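Here's the structure, in structure tokens; my notes come after.
We call the chains A, B, C, D, E and F, going by the order they appear; numbering starts again at 1 in every chain.
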Amino acid sequence: MEVSVSSAVNVSILAMSVIFTVLIILIFTIKTLVKLIPYQESPVAPVRKIVASAPGQDDHVAAITASLAAHMGKSPDEFRIVNIQSR
Amino acid sequence: MEVSVSSAVNVSILAMSVIFTVLIILIFTIKTLVKLIPYQESPVAPVRKIVASAPGQDDHVAAITASLAAHMGKSPDEFRIVNIQSR
Amino acid sequence: MEVSVSSAVNVSILAMSVIFTVLIILIFTIKTLVKLIPYQESPVAPVRKIVASAPGQDDHVAAITASLAAHMGKSPDEFRIVNIQSR
Amino acid sequence: MEFSFGASASKIIHSTGFSELAGGDLIMIGVGCTLIYLAIRKKFEPLLLLPMGFGCLLANLPLSMMKATDSGGLLNFFYQGVQHEILPPIIFMGVGALTDFGPLLANPTTLLLGAAAQIGVYTTLIGAVYLGFNMQEAAAIGIIGGADGPTSIFIASKLAPHLLAPIAVAAYSYMSLVPLIQPPIMKLLTTEEERKIKMAQLKQISQTVKILFPIVVTFVCCLLLPGVTPLLGMFMLGNLFRESGVTQRLHETTETHLINIMTIMLALSVGSSMTADSFLRLETIKIIVLGLLAFGFATAGGLLFGKIMCKATGGKVNPLIGSAGVSAVPMAARVSQKVGADADSSNFLLMHAMGPNVAGVIGSAVAAGIFVSLFGDMTGVDTHAALAPVIGNPEPGIQAIATVVDAIKQ
Amino acid sequence: MEFSFGASASKIIHSTGFSELAGGDLIMIGVGCTLIYLAIRKKFEPLLLLPMGFGCLLANLPLSMMKATDSGGLLNFFYQGVQHEILPPIIFMGVGALTDFGPLLANPTTLLLGAAAQIGVYTTLIGAVYLGFNMQEAAAIGIIGGADGPTSIFIASKLAPHLLAPIAVAAYSYMSLVPLIQPPIMKLLTTEEERKIKMAQLKQISQTVKILFPIVVTFVCCLLLPGVTPLLGMFMLGNLFRESGVTQRLHETTETHLINIMTIMLALSVGSSMTADSFLRLETIKIIVLGLLAFGFATAGGLLFGKIMCKATGGKVNPLIGSAGVSAVPMAARVSQKVGADADSSNFLLMHAMGPNVAGVIGSAVAAGIFVSLFGDMTGVDTHAALAPVIGNPEPGIQAIATVVDAIKQ
Amino acid sequence: MEFSFGASASKIIHSTGFSELAGGDLIMIGVGCTLIYLAIRKKFEPLLLLPMGFGCLLANLPLSMMKATDSGGLLNFFYQGVQHEILPPIIFMGVGALTDFGPLLANPTTLLLGAAAQIGVYTTLIGAVYLGFNMQEAAAIGIIGGADGPTSIFIASKLAPHLLAPIAVAAYSYMSLVPLIQPPIMKLLTTEEERKIKMAQLKQISQTVKILFPIVVTFVCCLLLPGVTPLLGMFMLGNLFRESGVTQRLHETTETHLINIMTIMLALSVGSSMTADSFLRLETIKIIVLGLLAFGFATAGGLLFGKIMCKATGGKVNPLIGSAGVSAVPMAARVSQKVGADADSSNFLLMHAMGPNVAGVIGSAVAAGIFVSLFGDMTGVDTHAALAPVIGNPEPGIQAIATVVDAIKQ
């Protein structure tokens, strides 16, 4: 029993070291990645803006129309959605 | 053959008895349950009422918004649904 | 090798012949089918017209309502969709 | 190896299905196409009969390796889900997720109508024994009267796998024919006055009772009749997903895509077991006749017990809801509604008939459990191994190996 | 064969479950009902505990053939997905599809909190060895402290399959109890001032980094600790489906119906392994006590390391986010949010706590990988074969065959 | 057993993947990452190439047990769905559910374009034989020119499983490269005038014809070429779900979640068969070159036949729609549209090109059927058993057992 507990303690110390080692490797990898590839106002953002300003809301309406059309099993040409206001 | 048919009749009478026995047990169980736990105006009902009266229709609009958002793969913040009237 | 290549050529000529044979059979089958069962203004078309003219748009609204209801996990009786305009 | 033009052409010609196309195959292809026709044009249980018919078509194209018994074939793979009784319980879980026990709980005595309608099962059992079937076969045929597809397939694959194809076809066909079979019997056995009886509105049921019900049924029925546990237990689990209010994700999956996937596999593979060998027999005709008998007697049984309940309650129960006790959810209930409305257009029986309708599902599950208790052990200790020699390849040497291998394959 | 009324009745009576119902079965049925109760009324991880409890109920109905070990039974079929380590990785793929690594990438040092919280795993390991478990059992028990269901089940089925049932129950129960277990420890170990610390808004992360991250983690972690590849690799694949922007179809399926189907199969079959034999033992009580210990120490470990980070950064890190390092996504993060808001209602820690929260998932996957590296080979070369004698039927002759057969079965 | 700190550390270090990482593994990891890159950045068939690349990455991480051949591993489990020809037919059912045969039915002679484009298959076959492949291998390579992923994988796993990985990669890569490969060939082989030809509007087709078509095709093609039944039959069943109008539930499941689940399993497991052993060979380079050849000749074949049809109809057919005969639905049709619009911006060829496009799918299925008829029996009676020694473990003793075991495993 004594021996086992000391084994368990050994294993635990070793394992915690490995965990910290692995996760520290990940931290440095992430930091490097983030430094090399910084965040830029992404191509998604403009879309959002356009929608916010455009009265046509084409993107969103198209998406909703398509999803409803898929649900209805009918062509998106057969109905039209209005009145979805961008916040 | 004769013997078999009489076996079949025996089995049938027995089985019908068992079926009635089992289902009568269920009837009494249900009656007991319903007596012990009577129906109360449930917490769902108030929601319905609120919706019926509230102009904001928050619950329903939120549900529809969420389901459409899931379809569009976009954030619910990006669009808004109006004009779903409660009956 | 020589022999193999000639085998391959034989197989290829044969296979192309089979492909053309099979697809020509299909062409004649299709032509016969289309001749026997010509397209008629289908029962779907009237629906479309009705919708286009009817202010109630019952079909489409029902379909959308049902699909939204399924999403919301609520009864279609609990909400109502208006303002889906037919194109 | 060399391929001359002539030798290759000859090889292709001799490997076409035409070289092996027998009359039986053609008839079965016709049967398959008929099922597809009924599914599409007549809307006979299309979710089942369309893929079943198509599976029959594929299986009977010679050399296609699509028979249920073609080891290594695609539909044989699906068929193992039937043989090992995996697909029917999963489908039943989905059915449970689609079932609302509310009307039954509001009027629990309608369970008796679901019990009474099982008389169809036993008249058929007696008839089948009379026509020469052994007891297990007769039980599998009788359960057609239960009007539950998965239950019929579950019992047939357990007690009489060699009769699976005609039993499945009969069960699903008659289920679709309920709107034709039932009304004449209903009008014959009830009076105009009875049909006009209006029933009191159903009382509402606490959500807690709805949650407890599937657990209680599982406990009572599966303890009394352990053989039906895979079927009834999964049914009630699906219902619990529905009613618990905390497992919407699982509820949605079980009642849509999971049941759909399993239905495709079940229907295709049952269809692929419809071969000339197994289907074009005198037994099939007997089964089809007995199946019709089963539905007729089940309808009559429910109706007559409905009349008894009408008398006993002083006219508060419309006997028409008794015919819904056959199951065939929700068609049988709709038939009750329609026949009632024919007598008095302001008579709304639909919700009242939903009670006996779902009671019929429980009733036939109980009937199935009784059959497993009585005859389940007669197929040998390991059902899975027992199936192989019945269904497997005909060569005796390979058969012996197949028995072992099939037992090993999960 | 003849069926007299009396003989048939006697057969039905003797084949009821009552004839075999032992006290242990009743207790286990009670345990199953308790899990269902906790799932529905207390909303304890209902997606898992409801089907798990129902599986336990079904398995312990005598003669139902629904035990995980009932060869040929429905739940035995599902259970093979656990035994062969198929279900947990597929579920983890779905979890990956549901996970947003954004907060972690915005503040990568919070990975250290996910590391620190693993101390719970090792205190439990030491405790378990002290209580007499062998090293592999202790490892499987310790991983409860990782607060990840699929990881616990994966490791238990690999290292100590005979303890799978209590480990799974303990893991999921304590995960649901996080909102009760953590707050007292959090208030004990932090000062009012610390709890009031507000953290700077997270910076935004390039989509490219979000795409590269799962690939890099797979590469680094699976190369260092190959044993965790099925779990961590599938987790990261699910996340890649989410972030890539080109696989919406696969993303939607993995995070909804696929994970739901696998969850039903996993939970039912784990529940079906909860039999009196395997569950009603002293070991179960030890495991439940050790599991609580594991969660407590994991919470404390994360918090104390959070205090260190608070000091090191001159007070920029609120130590409360440390407790989210246990995983239990997203509940532990919500607890951090709530305790923070209790101290200062304008303090929003949720997004900050999501970083350590998902770091905890990676941390316990790494811990699992270490255990596989250290103890994975001790179960013999072929894990699948090794499982059979532990779980299989008790008869020695059949057992030997079962070992082979189980190894053969996919 | 005792665990000293040093011994444990040494054990962990020696069980890392680094200890076994060979140059070949690194190259294959690079190949996997390249596929992921192409999928995400270049949108090359991302639904396939992303999981395929990830599967390749996982398989080549040493000791991860994620190779297709690692018995008991997760991806080996999925891979059995490829080996036993289960996954491609189910995926094809989904493709059928997504396919609209309307344009083909409106203009059935375009089937000839789908036939003509198969010339790519046979030039490649001849080329492959010339380069030293045997006839079956050459057939499997040739089918790349059919431009159908599932068909290629189906035929490769049947006729030349050891070449599955490079064939799958070549097929899907070139399918994505259709917009780059085809336009130069199209401009080379057609005149400006031809490209400007506008085609008459397609006539509408009765729904009944749309319903009958999949049944008729199944009957004709599968009777003539039984080997293609699993693939073509399931394709047509999916289409029947779509067109029947009575099986919306099944249609929706097959075209969304079912095909998605099967795609993940197929792509992951095909990726996991991309090991240094099987991929880093001279054959792979030959296959990649031959694959490009196949696409080029297929495009040319379709175009030239398009020119013949143009002549024969007195200029009513734009030859550009011929290149869509390669399949690669719907990309090839879009390329026809684009090249036509480049010549005259008011020229809309898309719907006209959809006819030959889906004809190409039928054409390559027929080509596959011919190959099965000619070479299918040369792999021995039981394909499943035959696969084992080709793909299985290298040790001869274990191999013999593996052969049997693999045959037994479903």
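Keep in mind that, in the parts below, a residue touches a chain if its C-beta (ideal position, glycine included) is under 8 Å from a C-beta of that chain, and two chains touch if they have at least 3 such contacts.
No experiment lies behind these values; they were computed from the predicted model shown.
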Chain pair, B-E or B-D, that carries the greater number of C-beta contacts: B-D
Repeated interface matching A-F, over half of the contact pairs identical, chosen among B-D, B-E or A-E: B-E
Whole-Å gap between the CA centroids of chain C and chain F: 23
Between chain D and chain C, distance of the C-alpha-averaged centres to the nearest whole Å: 31
Euclidean distance of C-alpha centroids - chain E vs chain F, Å: 38
Distance from chain B to chain A - Cα centre to Cα centre, in angstrom: 35
Chain E: positions in contact with at least two other chains: 1, 3, 8, 12, 135, 224-225, 252, 256-257, 370, 374, 408-410
Sequence positions of chain A contacting 2 or more other chains: 4, 7-8, 11, 18, 83
Partner chain F, residues of chain D touching it in the complex: 1, 3, 8, 11-12, 15-18, 21, 29, 33, 36, 39-40, 43, 46-47, 50-51, 54, 57-58, 61-66, 72-74, 77, 80, 256-257, 260-261, 263-264, 268, 405, 408-410
Chain C-facing residues of chain D, complex: 1-5, 8-9, 12, 248, 252
Of all residues in chain C, those that touch chain D in their complex: 3-4, 7-8, 10-11, 13-14, 18, 73
Touching residues on chain C, where the partner in the complex is chain F: 1, 4-5, 7-9, 11-12, 15-16, 18-20, 22-27, 29-31, 33-34, 37-40, 42
Chain E residues within the chain A interface of the complex: 104-105, 108-109, 111-112, 114-115, 118-119, 121-123, 125-126, 128-130, 132, 134-135, 138, 203-209, 212-213, 216-217, 220-221, 224-225, 359, 362-363, 366-367, 370-371, 374
